[in-house]
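Both of the next two complexes hold chain A, though its partner changes from chain B to chain C.
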Partner chain A sequence: MSPLEWLASVCFILGCSLNLIAAIGALRFPDLLARMHAATKPQVLGLILTMAGLAASLGSSQLTWKLLIVVLFQFMTAPVSAHMVGRSGYRTGKVRDEDLVVDELTEDLRRVQQADTQPPTS
Partner chain B sequence: MAERVRFWNRWPMVLWLAGVWVLLWGDVTVANVLAGLVLGCLLVMAMPMPKAGFEGRPWLPGIVNLVVRFLGDVVMASVQIAKKALSPGRPPRGAVIRVQLRSQSDLFLTVTAQLCSLVPGSIVVEAHRLAGLLYIHVFDVSDSGGIDGAREHSLEIEKRVLYAFATDAAIEAAGLPPRKRLLRRRRSTEVTS
Partner chain C sequence: MSPIVLWVGGLMLAAAALLIVVRIERGPSMLDRTIGLDMLVSVVVAALALWSGATGRTDLVNVLVVLTLVGFVGSVTLARFVAVEPEDEGRILTPEEVRAHDDRMRAAIAKESKRRVGGREDAMRRAYPEDEDPR
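This part shows the complex of A and B:
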């Protein structure tokens, strides 16, 4: 095997393992927010490594640029999707307090709700 | 007339769309570039976006610092989550913390929130743009150096973003030392930091 093929193989194996680990994490972690960590971080690096492996094994400049776009959009969209899932989880009460050490968002939301229900002072 | 001025101010978006178009086709030909530019103009006219208001001064050392540390952080984040996913026993306990950012700009809030979600230990759950607040879920409180450590970390990311893109005035308004002093200090304390 040529050095380039070695590099591609290593990238593929590492990338696929990271994606597998992300899936295991999403399965094992106890609550919604912890699962979102598994879905964003190892998954993004896994995709980057897989794309790098593809770039190395194909060796064609035309495709390299397309793979770069895939990575770029993954960087942009992964945080957004994690944020949307976390946010909607919060709004629908899917986040359990007992799993968190501190929960300042619920504190603040409650404070805002109380301020809304109380009659205006001025 | 005001519409037209606004349209011409959108040329960075047109360039970006044209760039994506050329990358998708995979080779730089005159036809591809022209088609990309025309399509970009059409898209910008058909689907106008709200103004993000970029006021800043890109600074190369700051950008290099931001990108290099960010890539390092992404690798660290994956290793950390992978370790936790595979190690037996009860997974770690998290927390949701409130972080008051120093800058007032929507753009820097967005960039900071995006980067925070990709680096170790944190995901942005809710952002409050008028108050400049981020609510961040910390994956493992004890790993991130406690709640204050996690808060510090997010502010550190914002600091890197500001040093990379903000104007000098915005940096001063955020209460950070100016860039020149930063460079000088970094040279003298290279080993300790």
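This part shows the complex of A and C:
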């Protein structure tokens, strides 16, 4: 096997194992946010690895550009869906407070609520 | 690319898809299932890439482009319209609970049909008179 084929094989195996690890994480993690954390890994790093492997095994510059576009699209769409899922999870009470180390959103919302209820002192 | 890579990667992806389907079935909320669907899309993308690399089929690259563009639409739509669910809603009932519910409904329907012709809503209200959440 040529070095390029070795590179492709390693990239493919790493990407596929990242998918498997993320699936195990999504199955075993206890919380919505923890499952989101696990789900992000194959979506970005796993995709980059498999696309790099595919580019190395196909060996055509035109297709490599197309695979770069695939990664770019994923970079644009994955944060959108993660943001929406996290936001609606927070709003519908699926985020457990006791599991969070830092929860700035709740503090900010409380501060806004206090500012709304108290009239300005000056 | 050697067939060993195809087999090892394919088996890993199959196991991953199976575990994700288990997560989608368990839920417990709509958003967990949404995450599962997102991950399933990424598994499909990886499988297509693997197949394309193994067989040299370059037409599958276009499918990858479309999948990464469209894959997030479902989860965004679901997340936009998700509402506060009751605590127990995503759970699948145990056989005992289903049997108890059926018995209760049957008794209520029998009672109702003796008096007058009643609809399912009437029977539901009769089966669970004090609950605010009839199942």
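Of note:
FYI, the second predicted complex is superposed on the first by the 105 of 122 C-alpha atoms of A that agree within 3 Å, B and C clash if a C-alpha of one lies under 4 Å from a C-alpha of the other, contacts with A are read in each partner's own complex, and residues count from 1 in each chain.
Keep in mind that, in the parts below, contacts are C-beta pairs under 8 Å (C-beta built on N, C-alpha and C of every residue); 3 or more make two chains touch, one makes a residue touch a chain.
Since we're looking at a predicted model, the values are computed, not measured.
After superposition onto chain A, partners chain B and chain C are found to sit side by side with no clash.
Of the two partner chains placed around the shared chain by superposition, chain B and chain C are both touched by A:78.
Look at A:47: by the touch rule set out above, it reaches chain C but stays clear of chain B.
Of the two partner chains, chain B is the only one that A:90 touches; chain C does not reach it. Touch criterion met: A:13 reaches chain C, while chain B stays clear of it.
In the superposed pair of complexes, A:114 makes contact with neither chain B nor chain C. Of the two partner chains placed by the overlay, only chain B lies in contact with A:68; chain C stays clear of it.
In the superposition on chain A, A:100 makes contact with chain B only, not with chain C.
Of the two partner chains placed by the overlay, chain B and chain C both lie in contact with A:24.
In the superposition on chain A, A:5 contacts chain C only, with no contact to chain B. Of all C-alpha pairs spanning chain B and chain C in the superposed arrangement, the closest lie 8 Å apart.
Under the contact criterion defined above, the residues of chain A that touch both chain B in one complex and chain C in the other are 22, 24, 36, 42, 46, 63, 66, 69, 78, 80, 87. Across the complex, chain A meets chain C through its residues 1, 5, 8-9, 12-13, 15-17, 19-20, 22-24, 26-27, 32, 35-36, 39, 42-43, 46-47, 50-51, 53-54, 57-58, 60, 63, 66-67, 69-70, 73-74, 77-78, 80-81, 84-85, 87-89, 92-94.
By the touch criterion given at the top, residues 18, 21-22, 24-25, 28-31, 33-34, 36-38, 40-42, 44-46, 48, 61-63, 65-66, 68-69, 75-76, 78-80, 82-83, 86-87, 90, 95, 99-106, 108 of chain A touch chain B in their complex. Contacts from chain B toward chain A in the complex involve residues 20, 23-24, 26-27, 74-75, 77-78, 80-82, 84-86, 90-98, 113-114, 116-118, 120-121, 123-127, 135, 137, 139, 141, 147. Every residue of chain C that touches chain A in the complex is listed here, in rising order: 1-2, 5, 8-10, 12-13, 15-20, 22-23, 29, 31-32, 34-36, 38-39, 42-43, 45-46, 49-50, 52-53, 56, 58, 61-62, 64-65, 68-69, 71-72, 75-76, 79-80, 82-85.
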